[in-house]
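Pasting in a structure now, in structure tokens, and then I'll have a few things to ask.
Letters A, B, C and D mark the chains in the order given here, with residues in each chain numbered from 1 onward.
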Amino acid sequence: MDKLKAGVIGATGYAGFELVRLLLAHPEVELKSVSSVSYKGEWISDIYPQLTGICDLVLTDDEAVTSDCDIIFASLPAGHSEPMAKKCFESGKLFIDMGADFRLKDEKDYTEWYGGHYSETELHEAAVYSIPELHRRLLKNIKDTKDVKSTKGIENIKESEESESFSHKKGLIIANPGCYVTSICLGLYPAIAAGAVDTESIIADSKSGATGAGRGLALNTHFTECNEAFSPYKTACHRHTPEIEQVLNEISGKSFKLTFVPHLLPANRGIESTIYASFKEGFDFLKVREIYEKAYGEEKFVKILPDGMTANIKNIKYSNFCHISLHEDKRTGRLIIVSVLDNMVKGAAGQAVQNMNIACGFEEDTALCMIPPAF
Amino acid sequence: MDKLKAGVIGATGYAGFELVRLLLAHPEVELKSVSSVSYKGEWISDIYPQLTGICDLVLTDDEAVTSDCDIIFASLPAGHSEPMAKKCFESGKLFIDMGADFRLKDEKDYTEWYGGHYSETELHEAAVYSIPELHRRLLKNIKDTKDVKSTKGIENIKESEESESFSHKKGLIIANPGCYVTSICLGLYPAIAAGAVDTESIIADSKSGATGAGRGLALNTHFTECNEAFSPYKTACHRHTPEIEQVLNEISGKSFKLTFVPHLLPANRGIESTIYASFKEGFDFLKVREIYEKAYGEEKFVKILPDGMTANIKNIKYSNFCHISLHEDKRTGRLIIVSVLDNMVKGAAGQAVQNMNIACGFEEDTALCMIPPAF
Amino acid sequence: MDKLKAGVIGATGYAGFELVRLLLAHPEVELKSVSSVSYKGEWISDIYPQLTGICDLVLTDDEAVTSDCDIIFASLPAGHSEPMAKKCFESGKLFIDMGADFRLKDEKDYTEWYGGHYSETELHEAAVYSIPELHRRLLKNIKDTKDVKSTKGIENIKESEESESFSHKKGLIIANPGCYVTSICLGLYPAIAAGAVDTESIIADSKSGATGAGRGLALNTHFTECNEAFSPYKTACHRHTPEIEQVLNEISGKSFKLTFVPHLLPANRGIESTIYASFKEGFDFLKVREIYEKAYGEEKFVKILPDGMTANIKNIKYSNFCHISLHEDKRTGRLIIVSVLDNMVKGAAGQAVQNMNIACGFEEDTALCMIPPAF
Amino acid sequence: MDKLKAGVIGATGYAGFELVRLLLAHPEVELKSVSSVSYKGEWISDIYPQLTGICDLVLTDDEAVTSDCDIIFASLPAGHSEPMAKKCFESGKLFIDMGADFRLKDEKDYTEWYGGHYSETELHEAAVYSIPELHRRLLKNIKDTKDVKSTKGIENIKESEESESFSHKKGLIIANPGCYVTSICLGLYPAIAAGAVDTESIIADSKSGATGAGRGLALNTHFTECNEAFSPYKTACHRHTPEIEQVLNEISGKSFKLTFVPHLLPANRGIESTIYASFKEGFDFLKVREIYEKAYGEEKFVKILPDGMTANIKNIKYSNFCHISLHEDKRTGRLIIVSVLDNMVKGAAGQAVQNMNIACGFEEDTALCMIPPAF
């Protein structure tokens, strides 16, 4: 059988290049086409010498990518995805949006945090937001997308897993989640689904490597400004906040807000989230640990570390794994969850490939079995 | 007049060397003597080539330092300071302990967190714990040390500032505070003194450069294990916790506990603490900002950054400054305090020199006016 | 067919772990057994949490590895490989030595630079030293090892490529080259084989990431000593020097010495060698560029970068590639060769797997097709 | 007596800010005025929060700086200094140019390497180029500038030290040397002055921290591109080459060229130069070491490290010191000189202040006695 043709719009950005790297190693798809506004007409290996002798694609434009390919990944600034998503959806293609344009269900949230509007309301309704460990059923069974809307808890999400993959007969838009969102929601999901913590008490203190800021030049990611420096940024006003709340509210079935503060880490890759929440009555540390182990026991990419170990970004760099370690502050009655992942892989390109694998009926871990290096 | 003679016990450790560096530039004291268990008999400039052509002291032992000097800084592992402190105290010298042995007023806390006991109870009672911005009165007026015990709030601490410096007639032991403690307590003091936040809600998420772990070799500070890595450690069980609570309880006049989680940062220097606390009724962000500006308005080393700026360790590295920025999470009613300092200077050696300056009647900023470099 | 069983002696060292990582992803072998002196009896995933959920091997001892496996990689301190190599060789196994014990043909060199002696002379004669791009014929055709000795130039080495792989009938010892050696010899081989440069003029100024120093704790690789630091070490007296000269002398057919100075880089991975040599009469930059392109034109892992580009360790990290860029100092008549590789992959574990692949008759690039990440 | 008024043109660039930092701590001058094209009208402490509470200057323009001040430091892109230098020179002021506009004596060199022309030839003739350890006599005795031109060797330069400082009666232009130039020329001066090495054999392989590239944003100094990366740049074509040769030719009294290759180091500060040169007949390592110790024996800022130690940028960071270690490659007859300095201090702002101190008759080390921190 012919391989599906995949393409990347915005291939010279950091998430775009990481997709290129993963797709080149994917046995079920062929990387057919890559585009860039800034470097159109150049060899991608001139922009990324990493590809010397490996990939001889010439950067083209988004038109060519959407025409040539069955599966289109779009890594674009906020507000640019809709027209491409529409074209792909209408021609029965799989469109995976790496940006935020299809993530927020409520247009009001989008307008408040991103400043734009939705032109194609039905597209946004049809789009499937997916952290695979929480939402994969939605990708396997996309006949009835109304079902997604009615979801009121993660148990519901998980219960019916009859599957019908992406089939070329009908287009599909996948909203690939934000990097911080994935880190925090994977960290909190079992506790919140079980009602083990006070949702009003949640504080997420996250730290991200500088690739999170992308390839665009800026003073705070100038080497000498970022190296040997450390600081929060967008303190309690980062755009991933409403997305985190959307996912967590969906899981808990109720509406609550959390405090989220991201920090810029002098390292290339990785997100670490230290998440604080007060135990609810009836729950203690041991019980919560069991809940976590059960929740993720069969997951390939999410690992609960044994007691006594602490999750560290160094142990998941360059891989699709999310490590979670659980800690207790007995003195104050708080659960402390440490969740780490590679912002470029599980937090972006790897998760997108994972979503593609599910939607296309491939093995979910295809091209994602990279063993994290130790250093 | 002859300069006072200063000495450093444990001069080849990181805090010890930083003291050497500061004392060599101090116009009011002469660095007379330095000791090291591991390198006794060697030139200090052979261990630290930074001193080539600058300092030709030979490393000696603690006996020599305590005999030769008027002012003794001791940078020793927990449990080793008492005998030296006693000797110095009894011979009318100033003993500044960089370690934890004289920090905790309650021996039970010491035993619980450090595992040892107090042999010389009176010494511990006589010792003055001093973050200068909070306790400098105690150093200026040391006639009546019982006064220290009765302190029930920071206003009380500050009210009577009649001064009588360290005078050679009577020994003095200063317990120099922990690095995390200084960062968190300077960050919280105005809010707590004013009763502006719910003390039960406080969470301090701190990150420290690797010098905090000292010069001793360990796997987690091996370059390739620490570089491009990030993780909390001693999660909610770091030894600085009871010391933070001792200071904050003293300020608030009541007993409460907080959650404190330190993280190891892949950088040489600096501590950043992101501190979360819920506003109490009657207090809002503007009012709290005013309280902070008033509290530190006349302080040389503690600066409240203007609205819109965020404290960053890069802006205080290699200096004795503590920068504090204030942020609000309106959505959840939380105050977020970002407090940064150089763990080796304001968090250790610089603060010790500041304490010495006060106790000896020097200008408080003598030898501490280093302007932070930008990179 | 059953997979060959592979084992790693010294699996918790850096080169050892990197082998584990590569072998776990190798489709033709099964990682059967791993050993460690320090951690015998522990799960390898407790030492390297990267392996959580991926590998459940328990660390054993070298006896078990040599008994259980067909292919044994030994990553040991100098002087420890001989007895294991002997046992493997005699029982018809493939022994790949990651250390220096079988690299130097002349025992006098070994004694001078490493301080030990050869007990089993025949083993050393039988051992095949292999940088695959230069010596792969020796692994494919190991019938006549005398042929190796008589080689007087790289053309000779390459001319007869009749192949007979490692076959289980006869043991084989492969001496896997040093990391600096690989970087410098790949950089110089075409120029020297062609006689294009004055061999007396060669200076190699190399810089290595800190993984090159291994996992053992030492002051110069303590984070705060290595970070924001830079210096040469073992200036003109590094043990790789005689090995570099052995390879280059073999290529040139004559005896010469070079100056080699390694430096410690504040980065985890990668070796960069800037190599200086004066052009010989009759050779200019264009001609030399042609020679390089021809020499490596068909190589999968060695790439000559286009004119105007400069090799950078960031472009080959985590991969088996060696990038070489060529530069000219017209003003002084010097050729400047920049050669970069990942010291842990092409400089150690990757090259060892490449050698195994050749010796076992697998595709040479099996398990080595990692595309270098961009960041 | 009134302090002299000093000003910095281009104060928000890296060299400019470093000057501000040093001048604020200088007891003999008052930092009166600072300018910036990009940030005119803003508080300098808004651009550099390091200055919060320390300096309340508002950034102005170059007109104001040249009018208000007696001593003007100009840190400007190539080609912009001449008009300001002229104005200052004519009004009897001291103008210290941090850039390259007055460094090259031969206009042809300037045109070839920088692409511009000299409009005011007499200014260039009058300008004094000064690495203080080599040229300080020229600043002390500026009556007879023709004397400078006739200098044919470093002995000549040093012989007559009758001094007449900058005196307000006559303007003075000082060309402050390039950072690489200072590192390499201090490293080579004694050997070349003594004729101990073959000048045709010299190769300088230098590595600089990223501050050397300045504050301007560029892809190669974007954090994620520079961190964990390493590469040469401007290989054998860096603009400092003719300046190095000008100084070394002046010392040797003959014309020769060297190979110079700079590399970008993933660190903030520091230049390390590893310099290779063949011994000339009649000179050996011991003799050369004596020559170096004699040459720099009385220098405050240049230190020859004891045998067995290797110069490291970590030991001179944030200070005005230059450390030099000497090594021998006996096997090839080469001298290897390792020279390290802080590119922002001894390589730029510190050296400029040192030049100012000499020209103004202050103690040469005023405001430059910073002891290098260890980490």
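One rule holds in what follows: a contact is a pair of C-beta atoms (placed from the backbone, for glycine too) under 8 Å apart; a residue touches a chain by one contact, two chains touch by 3 or more.
What you are looking at is a predicted structure, and each value in this text was computed from that prediction instead of being measured.
Chemist: Centre to centre, using CA atoms, which chain is the farthest one from chain D?
Modeler: Centroid comparison gives A as the farthest chain from chain D.
Chemist: Pick same or different for copies chain A and chain C, depending on whether their interface residues overlap by over half.
Modeler: Homomeric contact, same residues on both sides for the most part.
Chemist: Sort out for me whether B-C or A-B is joined by the greater number of C-beta contact pairs.
Modeler: A-B
Chemist: Centroid from C-alpha atoms only, then distance chain A to chain C, rounded to Å. What do you get?
Modeler: 38
Chemist: Distance from the CA centroid of chain A to that of chain B, rounded to the nearest Å?
Modeler: 41
Chemist: For chain B and chain C, let me know how many angstrom lie between their CA-based centres, rounded off.
Modeler: 49
Chemist: Please list all residues of chain D that touch 2 or more other chains.
Modeler: 14, 209, 211, 224-225, 227-228, 266-269, 312, 375, in rising order.
Chemist: Considering the complex alone, what residue numbers of chain C touch chain A?
Modeler: 14, 17-18, 21, 24-25, 48-54, 211, 228, 268-269, 300, 303, 305, 309, 312, 315-316, 318-319, 321, 323, 344, 369, 371-375
Chemist: Which of the residues in chain B come into contact with chain A in the complex?
Modeler: 200, 203, 205, 207, 209, 224-225, 227-233, 235-236, 241, 257-259, 261, 263, 265-270, 272, 274, 276, 310-314, 317, 327-332, 334, 336, 338, 340, 375
Chemist: Using the touch definition from the top, list the residues of chain C that touch chain B in their complex.
Modeler: 14, 209-211, 215, 217-219, 221-228, 266-268
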